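You will see chain A twice below: alongside chain B first, and alongside chain C after that.
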Partner chain A sequence: MSSTLRNIVVIVTLTLMVVGLAVVLTVGGFGFSLPPHNVRALATIFLNTTLNLDANYRYVSAMSPEAVTAIVWDYRGLDTLFETSVMFIAIVGALAISRGATEKLLKTSPPVLGMSLITKTITRITIVMILAVGASIALHGHLTPGGGFQGGATIAVVPMLLIIIFSIYLFSKMITIYKAVTLRSVGLIGIALSSFIVLIIAALYGGSAYIFQNQPKLHSHYGLPSYAEPILLGGTLLFFNVFETLAVAFGFAALFILFTIPEDAVKSAIMGEE
Partner chain B sequence: MGRLGRVLPVSMLAFIVYIVFTGAITVYDVVTGILVSFVIGLVTADITVSNPLKPFDVRRWIYLIFYTLYYFLVAEVRSHIDVIKRILSPRMPINPGIVKIPVRVKSDYSITAVANSITNTPGTVVVEFDESGKYFYVHWIDVKRIDEEGAYKEISHIFEKYVSKVFD
Partner chain C sequence: MISWILVIIGEILIAVGAICDLIAAIGMNRFPNFFVRLHALTVGTIGGAFVPLIGVALLSLGAEFLGVYRFFMAGASIVSAVLLLFLAPVGSHAIARAAHRSKAATVHPKVVDHLEEDRERGVVV
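Moving on, here comes the complex of A and B:
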């Protein structure tokens, strides 16, 4: 009896969920719930200013057709810098907790490593394609949806595949935690330098500029090259994306190695001396 | 040849994927594509390519094109029709089972190509590869032969014939 009641409740709940979702999607999709005009004005402003070759807009345009990247790395660049640092502080925390754990502690490897030959062979080809796709996402971050974090996260799939399919014992011979952390730091230093690069250029010419400046501003006529007919270079956005990719990809790689080292190999090193 | 010979085919694959995924071929895409694919080639060449002479062998590519056409236009269509008949038939004439077939091709890529060819045709799935004895265990929707040699002839002989010319 109770099971029949349960089935009825489940059926009614699922039906209501499906109908409710369908109503929301249909009504919303046909434009019954568009935001009011005074809110949409903000979108109009961003679409007008993110890429505008008009001379009147020279000092407000970010010169990137991808509005999200223009906002994230130019208009609110400092905000993004701190947002990025949250993730890297998390990685630093993970590394600090497990200090002393390195892949050097992996001694004897088990006789059978990784998955079957078929999986391994497919992975040998797919890693090339994943790297190419990740690089494309990162390097076109100022032109199309995507960017440094997305590209870096895509590239981070490669260490994950190599660790799971080929085994940590082989992958830790290709790249060590130390190397991964070093390359991640190169990326972070690159991000920091990119936020100062216009200021450095301005100082060399004896002028002045803002921190996190990308394109020329009203009181500071320095800026990175952003448009060489017909190529959009994106100014500092390209640098931010490239270095962010490096930092994210190798930050993840370091964590993947750290987390897949067997516990019994590193337990004593992590515990330290009493 | 040596290392550069291994890097080049990998870089070319990376470049093609880069351009196709980007969906544009402006100067910017080509320049960044060449840079990126060269780096990808350097990083992954040792994993991806073991014999640099094979990717430059024109005969292998001709066999590969021929095999692709045969596989998708003949082998796939034939087994699709077979499985569709079994599904639509009210008697559901299936005789499923797992058979053991020997693997006669040598290189890793050949074994993978044969295994994927078997799995991708409806009706047969490779469920296990025995690396020490070189056997596939294949789930077959209609087991016609259970002896190794007979099942080999029915399932993978034709695939192995072409694949060995492409990858071995």
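Moving on, here comes the complex of A and C:
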């Protein structure tokens, strides 16, 4: 009897909560009302300056239809560079803590590797799809929602699936930690070069430009092409997205290899000599 | 005419999906052990997600007021449906295999378990 009463109380409470939340959200309580007008004016500024072919806006426009990517890599590119370097330093820290732990210590492999044949077959099909989705998220980052970090994180699912389903013993023969960290460094060097590329071009022509410059600005008329008929290129945004994808995907791959090496194999290497 | 047929078939498939979802939910609550509940779960993923997605594809192909966007909707639904058809059985297969190998799930009202007998005899690893 008491359990029926409890069920009824639970149902009534949940219903009241759902209806109450719906009413409150509809009439705009809890501070969830529409934003005030001055915030919308800021949104208007961003909408006017992200992609504007008008001559008056030519020197303030980022020439990318995707406002988030334009803000992340153009309006506040230096911020994003520091965000990327924070993640790089985290991975360097993880590698430094477990120094000496490499996949070379995996010597004796168990007789049966990975999960069942059904799982392996389907994984072979799906990793191709995941790679395609990740590449499209990254390469269309300046046109549609997405970008380098999102594409790289999507691609990082592939090493995780390969490690879990085909086992670390097979995956570490494909990509070693050293190779993954090297490719990650290539991505970071690419990001650093992309932030200077307009400056380098301007220096070759004897002019001056800003660091992290993408499109021509009022006092420096250099910039990368933003519009090759009929496609939008997005200037440096495309380079940033590609290199960020490389950096994020291989950074995660290195971490996954490092964290899935069995403790028995690397314990003596991590503890070192007394 | 043909669009009406597509819309009606699509709505029937979506209704079938809703019924499958209801059956799966009842089964998840009422079935006695892990493996039978997993069977109810797969009724929910194939019958309750794959079938209505095909229904959505047919429905959006028949909905002419959507203009050219109905082909985008239909394509996205068919791709999601095919992905579900691949991935849902593999997921439940991996869960069931892991549960059976690790003996984490006890099969309580049991008539026969040939796989367990084969494991005990050493035929299957």
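Definition applied: the second predicted complex is superposed on the first by the 243 of 274 C-alpha atoms of A that agree within 3 Å, B and C clash if a C-alpha of one lies under 4 Å from a C-alpha of the other, contacts with A are read in each partner's own complex, and residues count from 1 in each chain.
Assume a contact is a pair of C-beta atoms (placed from the backbone, for glycine too) under 8 Å apart; a residue touches a chain by one contact, two chains touch by 3 or more.
These numbers come from a predicted model, not from an experiment.
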Overlay on chain A: chain C relative to chain B, clash or fit: fit
Winner by number of chain A residues touched, once chain B and chain C are compared: B
Chain B versus chain C as contact partner of A:A96, first or second or both or neither: neither
Partner chain(s) touched by A:L131 [first = chain B, second = chain C, both, neither]: first
Touched partner set for A:P230, first chain B, second chain C, both or neither: first
Chain B versus chain C as contact partner of A:M115, first or second or both or neither: second
Chain B versus chain C as contact partner of A:L139, first or second or both or neither: first
Partner chain(s) touched by A:A55 [first = chain B, second = chain C, both, neither]: neither
Minimum Cα separation, chain C to chain B, after superposition on A (Å): 5
Contacts on chain A seen with chain B and repeated with chain C across the two complexes: 116, 118, 122, 125, 129
Chain A to chain C touching residues, read off their complex: 112, 115-116, 118-119, 122, 125-126, 129
Chain B residues touching chain A - in the complex, by the definition given at the top: 10, 13-15, 17-18, 21-22, 26-28, 32, 36-37, 40, 43-44, 47-48, 108-109, 111-112, 115-116, 126, 129, 131
Chain A - residues contacting chain B, complex: 116-118, 120-122, 124-125, 127-129, 131-133, 135-136, 139-140, 230-233
Complex contacts: residues of chain C adjacent to chain A: 83, 86-87, 90, 93-94, 97, 125
